[in-house]
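Have a look at these structures, which come just after this line.
Here come two complexes built around subunit A, the first alongside subunit B, the second alongside subunit C.
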Partner chain A sequence: MANENLSVWTSIPFWRRSAAWVTGFASILLIWLTFDTLGQISMGTDEDLKAGTIKRVPAPTVINYNIDYQMSKKRGHEVPIIGAKEPFFGKEWSVEEAAELLHLGKLTSQSKNCMNCHTLLGNGAYFAPDLTKAWLDPMWSDKGPMMPMTGKSTREEAMAEFLINPSQYPTHARMMPNLGITADEAKGLVAFLKHMSSIDTNGFPRNFSKTAEQFKLGVSHAH
Partner chain B sequence: MLTSIKTNSFTNEGQRLGMMYYRVAVILFGAQLLMGLIAAIQFLVPGFLFEIFDFSVARMVHINALVVWMLYAMIGSVYMMITDETGLETINIGLGKIAFWILTVAVTIVVLVYIFVQVGAGTEESIWLIHEGREYIEAPRWADIGIVVVVLIFYWNVFATYIKGTQTGIMTVMVANLLALAGLYLAGMFFTDNISMDQFWWWWVIHLWVEATWEVFVGTLAAYALIRLIGAKREIVEMWLWIEVLMLFGSGILGMGHHYFWIGTPEYWWEIGALFSALEPVPLIAMFVHVLYDWGKEQGAAHARGETASVITNGPAMAWIVTNAFGNFLGAGIWGFFHTLPQVNIYTHGTQFTAAHGHLAFFGAYATILIGMMYYGVQKANGIERMKMTFKTKMGIFLITFGVMGMTIALTIAGYEQVLVERAELGATWNGFFVAQELAWYVQAQTWRTVMGVVTLIGFVYLVWDLLTIGKKTQEVEA
Partner chain C sequence: MIDAFTDVVPSFFGMLNQGPMTLTIFLHTVIILPMFWIYKQEKAKLEGK
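Coming up: the complex of A and B.
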């Protein structure tokens, strides 16, 4: 067919060249966008936090700040709000300490295979709640059931206690198994979750803040 | 019974090695289904194997066995076709066999560690020795490096044979595409504390495999199979193949954007992801039109020549490839398009919708054509001229297809409940999640998913039984 040259539409060289050009063009565009995106999603610094400069992925020291998730009229969806300083496990973490804690938390999240039950940023398995904004979940607030259940007085301590002995604090028939998480690893995991909740996810999950608000007002969907 | 799979009428060594890959692929396929069944039961009976063999373990082996059996069957299929296409024996088949055994020993160790060690401490050693805890590419770092070495040996074998032999259009696409497929694996081989960065590169492997290079691989296999199974004209299938490459890469590469909606990446991915991923079904339509059109054309031409017999020389393989043509379009195309737009995806992302799409897409796009290639291998192993479907072939294809469709529909319904209640109404909180999981209709859907999983497993038993016996049986009939 090709050598008869009846029409370009039945010419193999034409389609081969087109395939090469289109693939090349799409690849170059992807690589170019990748460079732009990598710049935007690389972690910010402690100075950014101090100066109030908003980064899509803040520095590990964001664990020293209050984090909220609120509707932004300008962007049309919810965004993380980094507020005033607050202690995390009763102290302020230095740049090195916070980075080390986040490193431990991220390593633990992988070695304990969190992603094969939970979703992180919406990716993973669908057997357990999404962890994107787990740090902000009303379950762990002072009006939620987990603080009294674990006998702890702060969000982070309640979460850490739960992670160390998850099947001791069942809320539903489907429970989290005991994964041998140590006290240090649990702290790391909570730091990892708090850091993840500060990431700008373009409004995912949607409506999370509304439900959290209703929960605070006592309108609970809990059984 | 086992004699048929051992019977060897191969005309070249590549096909013999290809068959070795197929055997391991089938075993891993079985493991995938068993693990899926355990995970499905755990949705219904929360205490099932709790703290013995938890969901996370079953699910990890379920999806890893899936990825690995498909890669095995893909490598097997390349060896199956390489001599036919290039006109040469594989350059270094001995090295190819060593690579096969290294890979198989490594996979066995990895799976045993997954099953018996399960989780490690939060240290680098766990990532190196146990698993990486990253969905689909959980293999520990030592195995990653092993995989790279084995794949390099495989790729060198394919590339050197291609360069020395006849360079057909099919093999040109194969060699170029395999390079991209293998190279992309490197993007998943590093650790970072930044979860957004982690997932950004993770998708370079997952997406650019299953929505770009694996799809092109399927196009290449279909092109080869159509020539071999129905005598399609090479000029036509190769022209279609280039058109498919154009459309698959043209939509699939930037279609990556639909994974960058919510992981911390900028908003411009909404538009890019929506536009290009919405185009992803187009080549899948083209692929099924191509398979059915060529089949009809060849059969019509045969009739015009006054021949009454079917042009199909391998009924089971052709049946699975036609199932692929539809399954790819339905599972990857339609079920993917369902939730690819950001306006929908903000609610459906990470729900049972994704699971529904995942099941039908992996089955329709990949499992089907790879099973078809296995039947082609059985035909070659037994030196059969014309292989017809047996009762077991039909039971296998019917039950597996019906089972996977059933699971997909059940999971779609479960996903619909979850999206409306957990996501739209309750905002994806802990409570929202469990309220949705405990809805009567959600539980009912999960029950049907499990039933359909059992149907799939029964179909798999028929499939394996058929693969083991069809060769001998056909030989007896022909004799």
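Coming up: the complex of A and C.
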């Protein structure tokens, strides 16, 4: 109490310097993080796919490959595994064709406002199922109900048929309305969904691949 | 505290984010520590007056 001026906490230069330090450091950090993120999310190339180089976001030609989703013990969550080549809508898509189809799908997803009900890569709503890994959903596999229901023999054709006539197929308690999606737009959307499922999202959304039986048993993939 | 790097794309921030060490804890530590130094400098200045 001898000299009240000695308190650093009431010293304006102390607070000014602290504020300058925190603001300056945070600004530099945010700029650095921006460039760090740009590197992480930049799309790979067709050559990366051919060489087996793993990229967080693979090239559009990933639609020519089988995509699996497997638990990685090392990373503690599931990761997309790009496997052998498989035809997509009965053919192999060139770099240009795949990019064009994916672009059409992206534009369609925006014009039909998928995010108004669905979630894509963490953006959107949870009124309807999360579409981030929708391509990998077992309901579209040959063991699931959607192929027989739509009368199609491949995953992509079943998804496209559903997207063209969503209100015809009972899938969810809240059924999807008919959005007037054309056959070409549906192909684009399926390509868009297949590509999205191949993106390494650090395991998001969590517990995606749990089956209904696993949910009932309370089984977790978290080890 | 430093585990084997498991992220897909090697990154400096990814390295700081391994095991129990989170990026939040690391960055807060880095930001707070120099403030002790600023505090001591200001205190010395006030006492020197």
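Basically, the second predicted complex is superposed on the first by the 185 of 223 C-alpha atoms of A that agree within 3 Å, B and C clash if a C-alpha of one lies under 4 Å from a C-alpha of the other, contacts with A are read in each partner's own complex, and residues count from 1 in each chain.
Throughout what follows, a residue touches a chain if its C-beta (ideal position, glycine included) is under 8 Å from a C-beta of that chain, and two chains touch if they have at least 3 such contacts.
As the structure is a prediction and not an experimental result, all values here were calculated from the model.
*Asks:* Scan A:L33 for contacts with subunit B and subunit C and give back first, second, both or neither.
*Replies:* Touch partners of A:L33: subunit B and subunit C.
*Asks:* Looking at A:I54, would you say it contacts subunit B, subunit C, both, or neither? Reply first, second, both or neither.
*Replies:* Touch partner of A:I54: subunit C, not subunit B.
*Asks:* Looking only at contacts as defined up top, I'd like to know whether subunit B or subunit C touches more of subunit A.
*Replies:* B
*Asks:* Please work out whether A:G124 is in contact with subunit B alone, subunit C alone, both, or neither, and reply first, second, both or neither.
*Replies:* After superposition on chain A, A:G124 lies in contact with subunit B alone.
*Asks:* Examine A:D200 and indicate which partner it touches, taking first as subunit B and second as subunit C; both and neither are also allowed.
*Replies:* Both partners, subunit B and subunit C.
*Asks:* Is A:S153 touching the first partner subunit B, the second partner subunit C, both, or neither of them?
*Replies:* neither
*Asks:* Which holds for A:Q70: it touches subunit B only (first), subunit C only (second), both, or neither?
*Replies:* In the superposition, A:Q70 contacts neither subunit B nor subunit C.
*Asks:* Figure out whether A:N165 sits in contact with subunit B (first) or subunit C (second), or with both, or with neither.
*Replies:* A:N165: touches no partner chain.
*Asks:* Counting only touches as set out at the top, which of subunit B and subunit C does A:M175 meet: first, second, both, neither?
*Replies:* It touches subunit B, and subunit C stays clear.
*Asks:* Is A:T23 contacted by the first partner subunit B, the second partner subunit C, both or neither?
*Replies:* After superposition on chain A, A:T23 lies in contact with subunit B alone.
*Asks:* Across the two complexes, find the residues of subunit A that touch subunit B and also touch subunit C.
*Replies:* Residues 18, 22, 26, 29, 33, 36, 40, 56, 200 of subunit A touch both subunit B and subunit C.
*Asks:* Going by the contact rule set out above, which residues of subunit C touch subunit A in the complex?
*Replies:* 4, 6-9, 11-13, 27, 30-31, 34-35, 38-39, 42-43, 45-47, 49
*Asks:* Which subunit A residues qualify as touching subunit C in the complex?
*Replies:* Spelled out, the residues of subunit A in touch with subunit C are 5-6, 8, 11, 13-14, 17-18, 21-22, 25-26, 29, 33, 36, 39-40, 54-56, 74-76, 79, 200.
*Asks:* Can you list the residues on subunit B that touch subunit A in the complex?
*Replies:* 39, 42-43, 46-47, 50-51, 54-57, 59-60, 118-124, 126-127, 130-135, 138, 169, 191-200, 202, 235-236, 238-239, 242-243, 245-246, 249-250, 253-254, 256, 260-270, 272, 346-347, 349-352, 354-355, 418, 423-435, 437-438
*Asks:* Which residues, counting only subunit A, touch subunit B once they are in their complex?
*Replies:* Touching subunit B from subunit A are residues 1-2, 10, 12, 15-16, 18-19, 22-23, 26-27, 29-30, 33-34, 36-38, 40-43, 56-57, 60, 77, 99, 102-117, 119-130, 132-134, 137-139, 167, 171-175, 177-182, 185, 188, 192, 195-196, 199-212, 215, 220-223.
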